[in-house]
Amino acid sequence: MSGFPILSLITFLPILGMIIVLILPKEQQKHIKYTTLIITAIQVILAIILLANYNYSAAGVYEEKSFQFIEKFRWIEISEISWLGKVKIDYFLGIDGISMPMVLLTAIISFIATISSWNIEKSVKGYFALFLLLDTGMMGVFVALDFFLFYIFWELMLLPMYFLIGIWGGPRKEYAAIKFFIYTLFGSVFILLVMIGLYFSATETLADGTKVFTFNLLQLMNPNNYLQDGILSPLNPHNLRFIAYLALFVGFAIKIPMFPFHTWLPDAHVEAPTPISVILAGVLLKMGTYGILRISYPIFPEITRQLMWWIALFGMINIIYGALVALAQKDFKKLIAYSSVSHMGYVLLGMASLSSTGITGAIFQMFNHGTITAMLFLIVGVIYDRAHTRGLNDFGGLAAQMPVYTGFVTVAFFAAIGLPSLSGFISEALVFVGAFGVTNIRIITMISTLGILLGAGYMLWTLQRIFFGPLNEKWSSLKDLEFREYAMFAPLSAIIIFLGVYPSAMLNIMNTSVNTLVSFLFNGQ
Amino acid sequence: MTVNVGLTHFLIISAILFSLGIYGIITRKNAVMVLMGIELILNSANINFVAFARYGNFGFSGQIIALFVIILAAAEAAIALAIVLNIYKTFSNVNVDEIDKLKE
Amino acid sequence: MTYFDVIFYLFALITIISAVIVVTTKNIVYSAYSLLLTLFGISGIYVLLGADFLAVVQIMIYVGGILILLLFGVMLTNKITSVDIRTGTVHLLPAAIGVGLLLGVLWAVMIWTNWKTQPGEIPITTIKNLGNLLITDYILIFELLAVLLLVALIGAASIARREEEKID
Amino acid sequence: MEQTNLIQSLNLILPEIVLTVFLVILILSDLIFHRNKSIIPYIAGAGIFITGLFLIFQFYDNGFAFSQSVNALRNYGMIAVDSFGSFFKVIVVISSLLVVLFSFSSSEIKNTQDRIGEYYALIYGMMIGMFFMISAADLILIYLSMELLSLSSYVLAGFIKLRDRNSEAALKYLIYGAVSSGLMLFGISLIYGMTGSTNLYIINSLIQAPNINLFTLSFAVILIFAGIGYKISSAPFHFWTPDVYEGAPITITAYLSIASKAAGFALLIRFIKTTFVTFVNSDGFWNLIGVFDWKSVLVVISILTMTLGNFSALWQNNLKRMLAYSSIAHAGYILLGLVVFSNQGLMAILIYFVFYLIMNLGAFYVVMLIANQIGSEEIDDYNGLGYTSPLLAVSLAIFLVSLTGIPPTAGFIGKLYLFIALVDAKMIAVAVIALLNTVVSLYYYIRVLKHMYLVKADENTPVIIPSLGNKVLVSILALAVLLFGVYFSPVINLAKSCLIIIGL
Amino acid sequence: MTEYLLVTLSIITLFLPVFGFATLIFFGKKFPKLYLFEVGILFTALIISILILFAKLTYFDKDIVSSLTWFILSNAPNTGTVNIELGIKIDNITAIMLFVVNLISALVHLYSIEYMRGDKRYTRYFAYLGLFTFSMLGIVLTHNLLMMYIFWELVGLSSYLLIGFWFEKKSAADASKKAFIVNRVGDVGMFIGILILFTNYKTFTFDTIFHQISIGNLPFGSEAWLTAAGILVFMGAVGKSAQFPLHVWLPDAMEGPTPVSALIHAATMVAAGVYLVTRIFVMLTADAMLVIAIVGALTSFVAATIAITQNDIKKVLAYSTVSQLGYMIMSLGVGAYVFAFFHLVTHAFFKACLFLGSGSVIHSMHHEQDIRNMGGLRKKMPITYITFLISTLAISGIPLTSGFLSKDGILAGTLVFGKLTGHWLIPVFGFTVAALTAFYMFRLLILTFHGEPRDHHKFEHAHESPLVMTAPLIVLAILSIFIFYTPNPFSPDEGWFLKNWVKTPQQVTPVSSRFDFMKSESKNINIHGEIIHSELYTETLHWAHYPAMMLSITLAGLGILFAFMFYQWKKVNVDKLTEKIKPVYNFSLNKWYIDELYDATAVGQTLNFSKVLAWFDNNIIDGIVNGSAWITKSFSNLSGLFDNYVVDGLVNFTAFFSGFVGFSLKKLQTGKVQTYIVFVVFSVIILLLIFKPF
């Protein structure tokens, strides 16, 4: 399936859906919901088609020809300007082993989130319109190979997110929304700056031999493309690459969120409506780490090598710190929020190892954390819909009341703890194996393993406080899951268990690309 | 006074007039007085033009410019007066410093 | 000390003193009249500078036009009970400081700058040349001024004209 | 001044002439149809449109008009017609056209139906003034055209009599304007004294003389800058802006915020480029004459302007006033394009103006439509508007987001090119400050969105149903913002072709 | 009988239970009778495992290994691709363990049918049992560390589920949580150990790792790391097998249903730790073994001392279990490999029997667990009594029982160790514990079954349990007779069990890092068909055989004697005695205050720390990063105006700052035009002075 622009389709399909939703009169809530559902379902199907046609041996990472489903054409073309040379911006999409899992994840999570949005009452039309817009933004970030395009998609998500939190959120929604917005914008202005800096440091040689400045990520990865005096070019003796790397890293770290930039996360999560928390935790957090892997690493390999210890250190802090803070939470959702801080720490640690095992683990962890945390937030949502409280101490003994629900909860929790035969274990194990293999971060890795213990600590404690012990009579009327909720939990649990038992399904996708990335980091192309 | 009157003397006059104009504009409450201050400024500029033209031997351009400025001053004065009248209609006084509904 | 000088100092004195009165006296009518003096003084200075036509214009337009306008303004915007219509003053101190500094700067500028000067005698007649310039080099500005006056006319009329409008 | 030259000159300023002619027509028809003046707006619109056509026809013409015969360097005219000027004139024309369209549905203007002729006549006056400002190459012409612009706008600012804030705006505008133009005139007189000429090109050649007195020169330049800075409302000469913008009728506020700002910038750029730049080197950077440190002055002023604008805007509860401050902030951003003193930056400015025109006018338009209904621009009256009148709210949101400069809106592209220019000139620090300013600006823009969407609609939330025409116009503007956000090469190409400022 | 068939069979046994688990989980609600299906499955599994045992012991001398690639890691650019393998290894130990696990599991299933009858989550219970059996078999069968770890965690899960089976009881819920987390502590160590090994050998498979070590390829090239790896992996065992200091979870685990305690917390899962150590035995350095030995000895002693004073029948058994596990670990530490494993098996049988017996008692006493309320039950429930007696004899190490054989071996081992290395403390511990064990076990027996009933009401209703419950008891009791293991009740060595089936493997650790007595020698003299470690060792073992036997019998006898004197014939007034030694008594009664210690230190401090951090996070980090909120808040209180903006999200220092700046800036906008002009004049002058060009 060459020719066919499947990536554009999967990216812009939601926009189409949004238009349909906007056209539909706001009374027909059912139609609006079903439209969204169908759109996202098609997305999932498309993602599966992508997977079916995916070439496992193609590396991608830095060389254009081995990217897959490439769509590339001149988007902005500005002919010769004497002092600036040609300006060109490409519409350049393509996926490799690093983005493929993320595309899958995005499709799945959006679909699940749509289902869980079913009980949205307030101005349904606007909600789903924004939801679909957000969907496009997320998908776009993962398929874009042009920095400019990437940035557009990256920012595209901000506004829908702001509204989705701000309008449909909890009591302190406005605060949370603005906080999220300001934080992310603050981060992305740095990205923007680095983007412009890179633009002036490297040129791409066109077919006709002319050199033009470029936003093309793959070209920016090639050291030969850099100008002698570009501010960010390695050839320039006093270049600003180090500062640029830090700026870029901060930009991404805020999204991850990396300690100490994580404080927007609990607020946003606690206030956001369930489906949005799902999206936020399931997909948005991954963009930070994805960005680092896709942009920071290959464009600044030498500085990456130089800073790996620090990245690992922050990974460790995230793991331990997140877990400890989670231990002290009284609010179910906040606890989950901090648990994702901790889990994203594993991703950082894995990436810091710069070994293919570690990075594979990191990407796999990104995927698994996506599914697992999504499930956890859905769980919170279910209980909140019924009881309208999230206090960990308000419950007790629900296991007897809602056995099926408890079953799913157990799966999710133990997956989060990293119980073998569930997907979480494999990725965490790979992260540790990879990181432990690197001499200078071995100690950090050893300390990080405490995360496993603490994780078990807060998760089981929660499980016990909410589901075990004598049934709190107040809740003796709670219903067990209904079909719609089955439909959200079942697929996720299935994925979690399947990948736990047969991880190759995901690992094979990444292997080639990750190896290429690692060797690129150390030996260049 | 030994030194002959030269360019500088005229310039000094214009400088003084200019300063006085500014002073008037800033200090006077009555809008009409403020307008008078403006007129002073314009005149001081005019003196400059004419004086420079005279001593720099720039031909008549200086005078022409002064001419234009005078005409312009007239137009400006007309409009200014109209606006002041309008203010008087609405605020029933013309004290510039009391007209501060729009602020911060 | 030539006649020229004497006359100059005379006019200068008139101008400055009356200008000072203009901006200091409490009584609006007085200041209006002393503005008249100032303008006279200035036109006299024009004469000294050999701009006779300009001097005339100054008197005609300023004294005959603008000053009258201003007086009308004064009259129309005050309930006239007596001749002395007082006006207050505001921020004197900042004005004093600011203007002092400004004057200092100006003074320095005026004295120390080496202006572009070259000897040349006062022409006999100015009107012809002025007329020439007006319709050659400065025709554009001349025309533009016409437009400006037109617009000013419309504008002034449109505002000053009294009619009943509903206030929204 | 021989005939041929005059003919050429007249040819070159054909658009201005057309404007003047239509001004006269307007006044006459105002007298003729004094019974029913409903036709006047159409005439006005038509006139502007035709002017636009003339402008397009000779878009790329360039040359000097009205050369002076007195001095040796005779080939430098009072007016320099070039594509740079044409570009800004087009901006002016478009904005005037839009403002005329706005005025159709502005309730404020409707109330003054029987003075509608004067209203448009004065707008014409402003336009003529701006046209001459844009292409003036002679200090006196600059001064007079600025005065023409100012006088008309004084009146327009106070056009709605008997509404106190209107008249107050007019008075303040008048006094402030008169003073700053007085300062400017004085500055001009000093320059005249030093060089004996008022023609920028001649001045340019003369101020390179060694014996020039730098102190006096810079004093004069600063005085002149006070005049121009007041027009582009850049700190510290911006104080009139919020008051006048809030007081004036919305159509006029919109017009001031775009057209006269544009004219002011065109004037500033031409003034600096022709007076203080000797040549443009191969990289497109301008070589300044060392007599006055424009770079640092402008850096300071632009940072001051944007910071001051943004931070004061944080506090505004009146949307018009907030937009006033935001327009100050944007003046700061645009100045950034100038401080790099390169064609790169100039291009960025041109691009920015196109987008700024659309988004700012759009914002004001929506504010006006809402004000027509509820007669107020207080942010609190916007609560829940997003639910009762979605179209307006959405488009306002789009405009504001674009003003913030977030993709995928045109505003982002504008900012992007400014920052590109800055980085290209290695002025990273300034770029960072500007970016942080953008973040700050988010606060107050987002506040409006918050009031419109995050506050639920209640019974006293107005339901605003704009007429079809308004709907169409708003949507066109909003879509344009989005469209240019993703496909902007035509604008870039246009801007690129309009960098010619004829000079030495 | 081909290898292939054997492998297939073992895989079938492995997956049968999990199949049962799945079925019950999904269809249990609809068809409550499905539990019978599960029981059936287990007996099938049992039969198969018997087949395997028979086949392995008769037809195959060498180990059977079979594996498949699970997933591929390609460690470019470091070293080529690494295959992560799943695989099974069947040697004699595996075969025997398969049988043991399946047997006890099957019996417990059978037993539970009656014991758990009427529970509201009846089928769920059997499902969990199935899950557990699966995981346990996995541990037994696996041939690599990763799978070991995986199933390790899975048994942890199933034990978590089963301990917390009656989660309505808070104590039960707590116990399950405690069990899992305490186990996790051990697992972290084990995980790091595994990491060390994998990082060096790029494989998880035991044999490959051992081969690498044997060819002198040490982890990070140093023996220290090898020791570390050994000890770290051993930590896993410390957790699972409830060794000191992580033994605290096991007694609490008694909150689970009694059959579960029998299966998981007595016979099989807790033994997994021992099994793990037997697996990695060959790579243990001298230091590692010493550590292990000491841990084992300590555990057995501590547990025994605590057991003496417990009054809950299950608690006593629990501590006896801990203590026995300590024995096994200790014996591995001292190098008595075979006896460790031997004891593992025998202990599995008689301890299961004891627990099921106690279950039967509790069942008939309507869930009365306090032995002070029992007594005289031997008339009411004879079968239970007999079987209980036999197992008690066995655990106390009285001749003619299996327990005697294995224990005696272990004690001999310790004695040898003491003689050869001079660590005499370990045998001392060993023998003391032997005495104590005999004492407290008989104390339990006497208080429960002998004497007069203390709670007559309960006594009236007491009755012998039905056949489904007694049958397992009988089976297990019989299996505690020596005859199944050796013809000569006084020399285990002559038994087929030790003679043919279980052999001490050869150490692979570098010679320099072994005990002297473990340095293998070329000279090969044949005593009982094999050389354990070195000739020296064998000789010493011979020397130690009889002394050890005598000593152990005497001590056990003494223990029993005291027990009878205290509780049967009341020669000594126990209460007076306890009064005399109150502090010691309380110390023992309160389990050495270890739980309290942990709560005070590790757990409590972590929680406090986390609270501190949470506060830190909410205030400081939030403060430093997006600015100190409290400044803003306090300011906002000052001006209600500002409040509006706090809500609007300006709640941070930058916002506070910008707000403040904005506030002061807009103050400039006085609305008085003349003020503006003052500003203009001044700014003109200032501009001039700043940028004056000279």
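Just so it is clear, A, B, C, D and E label the chains in written order, and each chain counts residues from 1 on its own.
Note that in this section a contact is a pair of C-beta atoms (placed from the backbone, for glycine too) under 8 Å apart; a residue touches a chain by one contact, two chains touch by 3 or more.
On a predicted model such as this, the values are computed, not experimentally measured, just so you know.
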{"item": "Set of chains adjacent to chain C and to chain E", "value": "B, D"}
{"item": "B-E compared against A-D, more contacting pairs", "value": "A-D"}
{"item": "Chain closest to the middle [Cα centroid of all protein chains]", "value": "A"}
{"item": "Centroid comparison with chain E (C-alpha atoms), farthest chain", "value": "C"}
{"item": "Chain centre separation (chain A, chain D; CA means) in Å", "value": "43"}
{"item": "Distance between the centres, which are taken as Cα means, of chain D and chain C, whole angstrom", "value": "31"}
{"item": "Centre-to-centre distance between chain D and chain B (centres being mean Cα positions), rounded to whole Å", "value": "27"}
{"item": "Inter-chain centre distance, chain A versus chain E - centres from mean C-alpha coordinates, in Å", "value": "38"}
{"item": "Multi-chain contact residues (two or more partners), chain A", "value": "174, 177-178, 181-182"}
{"item": "Contacts with two or more other chains, residues of chain C listed in rising order", "value": "90-91, 94-95, 98-99, 102, 105, 109, 115-116, 133, 137, 141, 145, 148, 152, 155-157, 159"}
{"item": "Shared interface positions of chain D, touching two or more other chains", "value": "70, 140, 144, 147, 151, 154-155, 158, 161-163, 170-172, 175, 179, 183, 190, 193, 196, 215, 219, 242-243, 315, 443, 446, 450"}
{"item": "Chain contact graph, described as a line, ring, star, complete graph or other shape", "value": "other"}
{"item": "Which chain pairs touch, all of them", "value": "A-D, A-E, B-C, B-D, B-E, C-D, C-E, D-E"}
{"item": "Residues of chain D touching chain C in the complex", "value": "1, 9, 20, 23, 27, 65-66, 68-70, 78-79, 107-108, 111-112, 114-115, 118-119, 121-122, 124-125, 128, 132, 140-141, 144-145, 147-148, 151-152, 154-155, 158-163, 170, 190, 193-196, 211, 213, 215-216, 219, 375"}
{"item": "Touching residues (chain side chain E, partner chain B) in the complex", "value": "666-667, 669-674, 677-678, 681"}
{"item": "Touch list for chain B against partner chain D, complex", "value": "11, 18, 21-22, 25, 31, 34-35, 38, 41-42, 44-45, 48-49, 51-53, 56, 58-59, 61-62, 65, 68-69, 72, 75-76, 79-80, 82-84, 86-87, 89-91, 96, 99-104"}
{"item": "Contact footprint of chain C on chain E as seen in their complex", "value": "672, 674-675, 678, 681-682, 684-685, 688"}
{"item": "Complex contact set, residues of chain B against chain C", "value": "1, 4-5, 7-24, 26-33, 35-37, 39-40, 43, 46-47, 50-52, 54-57, 59-61, 63-64, 66-68, 70-79, 81-86, 88, 93-95, 97"}
